[in-house]
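One structure is given below, encoded as structure tokens.
Chain nomenclature is as follows: A, B, C, D and E, assigned in order of appearance, with residue numbering initiated at 1 for each chain independently.
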Amino acid sequence: MTKRRHRYSEKNLGTSPGTVTYVGQEIEHATHIRRVEYNAETYRIDESGRLSACRLPADDTPFVTWVDVDGIHQSQVIEAIGDQYKLHPLLLEDVVNTHQKPKLEPYDDTTMFVTLKMLHYDDSLAEIDSEHVSLVLGKNFVVSFQEERTNDIFDPVLNRIKASAGKTRRNGADYLFYALLDVIVDHYFSVLERVGERLDILEDHIVQQQAGQPTLTMLYALKRELNFMRRVVWPVREMIGMMMREESVLIKATLQPYLRDLYDHVSQVIETLDSYRELIPGLMDLHLSTVSNRMNSVMKTLTIFSAIFMPLTFIVGVYGMNFEHMPELSWHYGYYTVWGIMGVVTVALVIYFKKRGWM
Amino acid sequence: MTKRRHRYSEKNLGTSPGTVTYVGQEIEHATHIRRVEYNAETYRIDESGRLSACRLPADDTPFVTWVDVDGIHQSQVIEAIGDQYKLHPLLLEDVVNTHQKPKLEPYDDTTMFVTLKMLHYDDSLAEIDSEHVSLVLGKNFVVSFQEERTNDIFDPVLNRIKASAGKTRRNGADYLFYALLDVIVDHYFSVLERVGERLDILEDHIVQQQAGQPTLTMLYALKRELNFMRRVVWPVREMIGMMMREESVLIKATLQPYLRDLYDHVSQVIETLDSYRELIPGLMDLHLSTVSNRMNSVMKTLTIFSAIFMPLTFIVGVYGMNFEHMPELSWHYGYYTVWGIMGVVTVALVIYFKKRGWM
Amino acid sequence: MTKRRHRYSEKNLGTSPGTVTYVGQEIEHATHIRRVEYNAETYRIDESGRLSACRLPADDTPFVTWVDVDGIHQSQVIEAIGDQYKLHPLLLEDVVNTHQKPKLEPYDDTTMFVTLKMLHYDDSLAEIDSEHVSLVLGKNFVVSFQEERTNDIFDPVLNRIKASAGKTRRNGADYLFYALLDVIVDHYFSVLERVGERLDILEDHIVQQQAGQPTLTMLYALKRELNFMRRVVWPVREMIGMMMREESVLIKATLQPYLRDLYDHVSQVIETLDSYRELIPGLMDLHLSTVSNRMNSVMKTLTIFSAIFMPLTFIVGVYGMNFEHMPELSWHYGYYTVWGIMGVVTVALVIYFKKRGWM
Amino acid sequence: MTKRRHRYSEKNLGTSPGTVTYVGQEIEHATHIRRVEYNAETYRIDESGRLSACRLPADDTPFVTWVDVDGIHQSQVIEAIGDQYKLHPLLLEDVVNTHQKPKLEPYDDTTMFVTLKMLHYDDSLAEIDSEHVSLVLGKNFVVSFQEERTNDIFDPVLNRIKASAGKTRRNGADYLFYALLDVIVDHYFSVLERVGERLDILEDHIVQQQAGQPTLTMLYALKRELNFMRRVVWPVREMIGMMMREESVLIKATLQPYLRDLYDHVSQVIETLDSYRELIPGLMDLHLSTVSNRMNSVMKTLTIFSAIFMPLTFIVGVYGMNFEHMPELSWHYGYYTVWGIMGVVTVALVIYFKKRGWM
Amino acid sequence: MTKRRHRYSEKNLGTSPGTVTYVGQEIEHATHIRRVEYNAETYRIDESGRLSACRLPADDTPFVTWVDVDGIHQSQVIEAIGDQYKLHPLLLEDVVNTHQKPKLEPYDDTTMFVTLKMLHYDDSLAEIDSEHVSLVLGKNFVVSFQEERTNDIFDPVLNRIKASAGKTRRNGADYLFYALLDVIVDHYFSVLERVGERLDILEDHIVQQQAGQPTLTMLYALKRELNFMRRVVWPVREMIGMMMREESVLIKATLQPYLRDLYDHVSQVIETLDSYRELIPGLMDLHLSTVSNRMNSVMKTLTIFSAIFMPLTFIVGVYGMNFEHMPELSWHYGYYTVWGIMGVVTVALVIYFKKRGWM
């Protein structure tokens, strides 16, 4: 439950707009940079990690260039790349601010900027872990910025480039840009799968009336995660819609069916999310009703015990009195008569409670 | 409650877009293919099931051709058909993905693609079973893809083609396309009918105060089914609206009143669905209030018993004490006096509780 | 609670679109047809009931013709009228389907079709009874179709035609069309009046804390009725809005202020409906809080009785023990001392409970 | 709680549209009419009350004319004024129908009609009292119709006209029209102030846990009042927005900033209203939680008393038995031993309940 | 809880529109005025506080002029400034009305007026304190009006002007206008941070089941604060959107990316606000469920005690009766037999309750 704390730094209050300050968890490793150049015939990869790998490709190069920056916590690296590619200071500010929400921003006609969240499901914490990702699309290059995590989500794309001269290799920078977005959206489905499994377990607990306070606390936490995911995925749909309508020279007509497909997939993510979210109030109601029914049953048990034994205890109390003149006490069958009366009272009460449906 | 699990396959993570992989329940039978050709004068049906039945009709054929593919789990069959009709890989991906939500997509001016869900009500499971259906409309042909089920929903359309040279036979491929959609929408009403009957039964249980936890669990399950149906039917309306506005050469002007009628029927399905959905919170409240009232009645019973017998038991306890000096014990009418006092106390309490409206 | 059942007939599954099949309650009487012809100078009424009364008026007749069809359950009659006035089969299907929701549909430029619900409040069932009404406006005629009920809602319009050469007589078919809609909308106010009275009664019960389970069941039923009415009235407003914007030759400019007035009245109906609907959750909450308060009061009574008598009963129990060596038993004032102690305990507990505000 | 009853009169069912029938509370006094004529130099007031005061001003008069009609229950007076100013029968119907909701309607280019509600807070009933007000703006005149109340809301405007040649005197009929609307909207703030004070009191009761059923009933009544006020104020905003966009010759460009200001004030009224309305569910929840906590505390008290005294009473019961052979009875310290045991039991239970946090 | 009271002054009822009357908390200090003039080369500051510091800058001055008015409670000062800068009386009315909601209003093409709220979090009251701020943008000047608080929120902007010839100094009046808005929006994040910390604490209390009535009261108060903040921030987004679309000569094209960034930040504030607001009902439900579970546990304890001791007390009561003929009393092992029976009864009940899961 520590997720929400320390979201906004007091230090940033009143600084000049466009100041590149990393906002996020503290990280120690150095930023890792990888440059990939490819076309239908060949490809080459520079993993030297030196800043020189970031140089702007020549305007007439026959290659598509992909610069992947893994780690956004070193301002000087980000600023150096910004210099090379002539990126606006406000764009760089968004690259390093991990609290920035997803958005698409065209800068002039030569650059398209997108920032969004990559999601992983963290099983140990039962939480969705989000990674801040930014993509810059130019005429013949893509620069991708990501936080540092153990698994790199862009590996499948790199593998396809290495594997064969397939769709990615035969197409331009815009297809690469799309392919990176596609792999991010594919991961949303995988996160949903895990969340859905968890929700199934909680649902089963509640439906089978085995839920206690921990189940409810987990349900509440799940709702928070779903709300978080919704806020992070919702703007992505709008973003892709804008890319489809935007008449940018950077995006070729052949990409349209792919963008439409991507739009469709994000819609499906949002819809599934919403279907999960709308289950939760119903589950809560179901649980409350279970608790009420249990309470009812407890109270009935108590009432039946009380209603049967209180009259009996009263009767035996009567004949425990010490009056000198109590004729019944000397009757020969007095004791047995009292047992008989008590039997009749008990039977009558049992019949009464059966009739009311309490037993 | 196993419906939601295993919706998205981990295998698909990061595969290249447009890969034709069946996503759905495992099925063993082979795909069945039927080719129907007809015009106002005659018709012929090829049920051989060979792939040759899928060949593209000549551009100037005087027939309307309907290829009905029953079973979408064999990728190679789907890909072969895709080759014949020049269908986009992303279209084929949607045909075999049973989790794909309903949508309409025009591909160029020569193909209109629609995918949606056919619904059946499964009485044994008290669940709505959905079947993934896709329709491709060309100049003079329709290709329909469906999952395999025991009943074929398109039989009534086939029967009308066989029966006489009616509206279907006298019109073009667009009317056939419409007729297939119409029969799917007609089935939605039939599913709603069954859901409505079930809701009536649950409502009667709750209104007559006979509902226990199973009723509520069923109500919750029904709400889930209604939410599922809503998500599946809602985009169909939008889809038909798009067909009406779309100025496609594939759809003739004479179809407009029929599309408007179809739109109207889907609207009616959605409205009825919503009227069912909005009953559920009211029923839940009614039930909770019943439980509260019952609890109140249990507590009153307990309180009345306790309030009457506790004073009486105290009184008889007093005269059960063994003090040497207790004058009342030796009174001649002491015992009867105590009975008298207890009678007065009982009557007073009964009057008190009657006045408060508890008895 | 039988209203919702059997809404959609299984027979209709997969029939050809445009089949004229009556869907509604079973009715035995024959359809009754009345033809009224009038202008500012004169009027004549044909109540013979023969189909000949339905003939299409000549294009240059100086009269406005109103054909009122009372009863829509005989398909052959409806089809015969459809033939005369050249009505589309889908239009006729809507005329005889009592589950059809309200809508306006222009057919070509020569016919305007409207279908909506007439509402009556049925006091004996405490339910809103709906009657399916359809109106067809042509150049110089109106055809009205209605279900059969004991009271005919169009009587006031007929009476105004008979009474004097007022607005209705001096205007064309469009004014008649409006006047019929106006009388239907006027009845909505009257239904609301009855519903409002019922809601007042339930509200008074709940506010005065006299409500039990029957009150809540009635409140739930009322909510269902209001939801039903809302679904039936809501599209009427949109429908009249369309008539105002529609530039049809069938509707003259002088009708505009009247349509605007009608629109305004339907808006008022919807608004009042909504104001009633939004009272219901508040009433439910108020009732639940009453029940909770009552329960609290019951529990306090029980606790006070228990807390006072359990210590006293314990004390008298102590001196009912039979130990040989119990010094207090032989004290001369032992018995009175015990009474004194019990008095002190009682007073202390009473003070305690008064302080906590429970007495 | 009698406010809602008898809203729509059965008499009006099916009457011809445009019939001028007063719908509202019964009133006995005669209608009072006042004519004010002014310009920057001078003003004159005719309070004779005769119908002649209503005559239409000449087209070229140098004065602005304001006819204020106080009382709308005498149809013949309203119809006479309608004749003078050539007002449409449907307009007059709205003037005398106190249930008419607020709206703006332009009639031709020469008349602008506005009807809305003046609100007063009635302290004795703790209710908002609404007064039906209608304003007609012509080229150089304003006619205002209002219900009769003890205070006249338009007095401040009249006083400004009498006081000096200020903004009102120097501007035309459109400014007068605006000034009358402004004074009505100003009163909305004053009503809100009173409602806010009441809500504060109820909130304090609930937060300080002193609320009982009367507080909740008042909260419910307040919610009804706020809903009523919202329905009455909401359309006023839209109305003023229409006046701003409407390109009418009746409204001069210099009025625009004033209308924008008025629009802004109505928005502020609506927003404050909504902020009040959204407090209510939270207060209800807070109260329910208070009741639950109290109940919990009552139940704990009962359980502690029972759990302590039931074992003790059992123990003393054991030694109240009359068996001939009970060795403990003849022990010399038997009686004291029992007291010791009971002390231990009591202390153990007290420790147990303290540990569970119940004491 | 005194925040809402006395919001609207009765004095203002019916005053002429455009009257400059301060509406807000009473303040005693005099208004403080500061004039800053700067360009890329130099700057000068006049803190004399005399009204002369407010004079309108010449049209051709090479400086940007910023007049900062600290304190809006002295009408004569505000009116004097209004005279200098030719501000509309309605604009001045909004400057001094601290209840005015945020808005942007262009006056002619030469003046842009903005009013909004500066927010501070007041730790001692656990409340958001709002300060009414208004900004006027002219061709080469900005006039800012603010309430008087101990901290001046515009200090960082002044410091940047003094510090170096940075972005603020090199740009025009429009950039200053933006920079003032930016610093206000930055403070919103800081308020949210504090609110989020508070919400975390309340959430932890509830999740760890330590919440009592004070936690709920604080949760309710927090919801009120969030609602208040939402009403105050929401219109700011719309306002900045208008500034972006507005084609005003006062705002240069180079400001667009900055405005877009500001828009984005306000969106982020609103989104975070909404994410906080939607947590609250879930927390309330979680708490109610905790209370129910606790109650259940209390009731089970009571029932177990009662169900065990009531039969035992009855049994010992039986052998406390004084009948002359009770054979068991003279049995040699009678007393031990009774203990045995009571042991069996107790064990049986314990097993029964363990089976039901109550122990």
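As a convention for this text, a residue touches a chain if its C-beta (ideal position, glycine included) is under 8 Å from a C-beta of that chain, and two chains touch if they have at least 3 such contacts.
Given the structure is predicted, the values throughout are model-derived calculations rather than measurements.
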Count the smallest number of chain-to-chain hops linking subunit C with subunit E, moving only between touching chains.
-> 2
With subunit A excluded and the rest untouched, write the groups of chains still joined, or say one piece.
-> one piece
Is the contact between subunit D and subunit E built from the same residue numbers on each copy (over half shared) or from different ones (under half shared)?
-> different
What angle, rounded to the nearest 5°, describes the rotation that places the Cα atoms of subunit A on subunit D?
-> 145
In whole angstrom, what separates the CA-based centres of subunit B and subunit C?
-> 26
Per the centroid of Cα atoms for each chain, what is the distance between subunit B and subunit D, given in Å?
-> 43
By the touch definition above, subunit B meets two or more other chains at residues 288, 292, 295, 299, 302, 306, 310, 313, 317, 320-322, 326
For the protein chains shown, what form does their contact graph take: line, ring, star, complete or other?
-> ring
Should the ring be read from subunit C with subunit D in second place, what is the ordered list of chains?
-> C, D, E, A, B
What residues on subunit A touch subunit E, complex-wise?
-> 1-2, 4-8, 10, 12-18, 88, 90, 93, 99-101, 103, 105, 107, 212-213, 216-217, 220, 223-224, 227-228, 231, 284, 287-288, 291-292, 294-295, 298-299, 301-302, 305-306, 309-310, 312-313, 316-317, 319-322, 326, 328-335, 338
Counting only contacts in the complex, subunit C reaches subunit D at residues 155-157, 160, 166-168, 179, 182-183, 186-187, 189-190, 192-193, 196-197, 199-200, 203-204, 207, 209, 257-258, 260-261, 264, 267-268, 271-272, 275, 278-279, 282-283, 285-286, 288-290, 292-293, 295-296, 299-300, 302-303, 306-307, 310-311, 313-314, 317-318, 320-326, 358
